[in-house]
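Each of the next two complexes has chain A plus one more chain, namely chain B in the first and chain C in the second.
For the complex of A and B:
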């Protein structure tokens, strides 16, 4: 985990490549208790909702993006995560997660690292994007 | 030429964050003179960014990105009279009427990301629609998927159109990924309209602009 004084504007977190498989989405929905059938695991329900196929739940997408940040900043380091869901996220396709540090500031005794965070596809699809604030330790 | 601040519902960047990020780009050797805020479906008459612009030495101009029945259109040189003539919140407006109204009111409207799959001007032309007033399109768009800017380039070649570049930034670090290099100095929205009408500009990628064009 980086110290505050080691971080510079423009530093990148990631990129990390992930795939949300059918099995992982099904497991997530079971743990979450998603009502069945649903557009996350049932192709017919997804088609009726106008989706090209089953999609990754937004809350799972958010968890994947949060993990990118906590793997970097440590458990409990996320102070804010504000995302815009721009396109449905497909199963079984490579997803690239990355963040760019855009601001560093000390506020109320905390070292705050603000970053843009983005989930993209192999064709340049911008599935989910937004802004996060992570608290990191000083020396 | 194409950016969205938090005044647009799908952006997470403030204008201050954009102009601060431009300082980062300048430190990396890139030349970025200014930005044009093109908020979705509106024009922010009440917003004044001149203090920020002065503090960070970044020109901040305002325009709009409007939804039409033929895709999104960027509008530069917006006036009160134009907003009275056209309902900026009407997502089904006729793009041809918008372009004509814009010129009547000393503004200019042009297609954004015309190569975008499903909603770009390219698809509407393929369906048989014609747009005689289009002379300039957004050739480079920083938010494009693979193939979309290439479709815009084909459109420019086949219809003898000129192109601008715009980042379509919704996040701080995406500002200026694509830009437009003008031959004449620009200080105001009116200058921008005149420069577009003068047709002396070219779209550029940020990565290709190091201590050079802007």
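For the complex of A and C:
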């Protein structure tokens, strides 16, 4: 995990490539108790909603984004994660997750790292985007 | 010009309480396996203790999953046909430990219209506070749903 004084504006967290498989999405929907059938696991429901195929739930993409940050800053490092689900995210396709550091400040005794965070597709799709504040340790 | 929105304004100020949600090892395991989570503090007591916690903790977005189990009333927005989950925000306030029992309290935060390139959308925002068995707030979650013409 990085120390606060090692981090600079413009530094990147990631990129990390991930795929949300059919099985993982089905498993995630079970944890959440998603009503069935739904657009996440049923191709017909997805088609009726105008989607090209089953999609990854927004909350699951959020969990993946959170993972990018906790892998970098530690398990309890997220102070704020604020995401916009811009486009439907497909199953079984490579997804690239990355964050860029936009601000560093000390506030109430905490070292805060603010970043823009983005999940993109192989054709430049901007699936999920937003902002995060991560707390990191000083020396 | 601001659009005059028609919806159930009487919902403001009402708290919708749900729970308790038992944070079992099984729930954490299943959430972890569906996202490939391998962070040691989320996997075992030993990993969590190494990171300075008293025991295994849940990943920071577990409350974002639980929030979908809170039954919320229809805001009755007279606009649009299709609704989608437009965004979500989580502010973790304290660790959620395996074995915790959480309560959720949700209220309507805002309803507003926004016009962009793809037309007008109406956003409905709910805010939920999760509290543990000791009365400590562990997370604030905001969810926004968009209705499109």
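By our rule, the second predicted complex is superposed on the first by the 139 of 139 C-alpha atoms of A that agree within 3 Å, B and C clash if a C-alpha of one lies under 4 Å from a C-alpha of the other, contacts with A are read in each partner's own complex, and residues count from 1 in each chain.
FYI, contacts are C-beta pairs under 8 Å (C-beta built on N, C-alpha and C of every residue); 3 or more make two chains touch, one makes a residue touch a chain.
Owing to the predicted nature of the structure, the values given are computational and were not obtained by experimental measurement.
Colleague: Return first, second, both or neither, reflecting whether A:10 touches chain B, chain C, both chains, or no partner chain.
Modeller: Touch partner of A:10: chain B, not chain C.
Colleague: Contact-wise, after the overlay, does A:30 reach chain B, chain C, both or neither (first, second, both, neither)?
Modeller: Second partner only.
Colleague: Would you check which partner chain A:98 touches, where first means chain B only, second means chain C only, and both and neither mean what they say?
Modeller: neither
Colleague: With the two complexes superposed on chain A, say which partner A:136 touches: chain B (first), chain C (second), both, or neither.
Modeller: So A:136 meets neither chain B nor chain C here.
Colleague: Per the overlay, which chain contacts more chain A residues, chain B or chain C?
Modeller: In the superposed model, C touches more residues of chain A.
Colleague: Touch test for A:118: chain B only (first), chain C only (second), both, or neither?
Modeller: First partner only, chain B.
Colleague: Between chain B and chain C, whom does A:89 touch in the aligned arrangement: first, second, both, or neither?
Modeller: Neither partner.
Colleague: Quick one: is A:66 in contact with chain B, with chain C, with both, or with neither? Answer first, second, both or neither.
Modeller: A:66: touches chain C, not chain B.
Colleague: Regarding the shared-chain residue A:80, is it in contact with chain B (first), chain C (second), both, or neither?
Modeller: A:80: touches chain C, not chain B.
Colleague: Would you mind listing the overlap between the chain B footprint and the chain C footprint on chain A?
Modeller: In chain A, residues 82, 84, 130 are touched by chain B and also by chain C.
Colleague: Quick one: which bits of chain A touch chain B in the complex? Just the residue numbers, please.
Modeller: Touch list, chain A to chain B: 9-10, 82, 84, 86, 100, 102-103, 116, 118, 123-126, 129-131.
Colleague: Please name which positions on chain A make contact with chain C in the complex.
Modeller: Touching chain C: residues 18, 24-25, 27-28, 30-34, 49-50, 57-60, 62-64, 66-67, 70-71, 74-76, 78-85, 130 of chain A.
Colleague: Quick one: in the complex, what on chain C touches chain A?
Modeller: My answer: residues 27, 30-31, 33-37, 39-42, 48, 51, 53, 57, 59-61, 64-65, 68-69, 82, 84-92, 95, 142.
Colleague: With touch defined as at the start, can you tell me which chain B residues reach chain A in the complex?
Modeller: Those residues of chain B that touch chain A are 10, 12-13, 17, 20-21, 24, 28, 143-147, 170-174.
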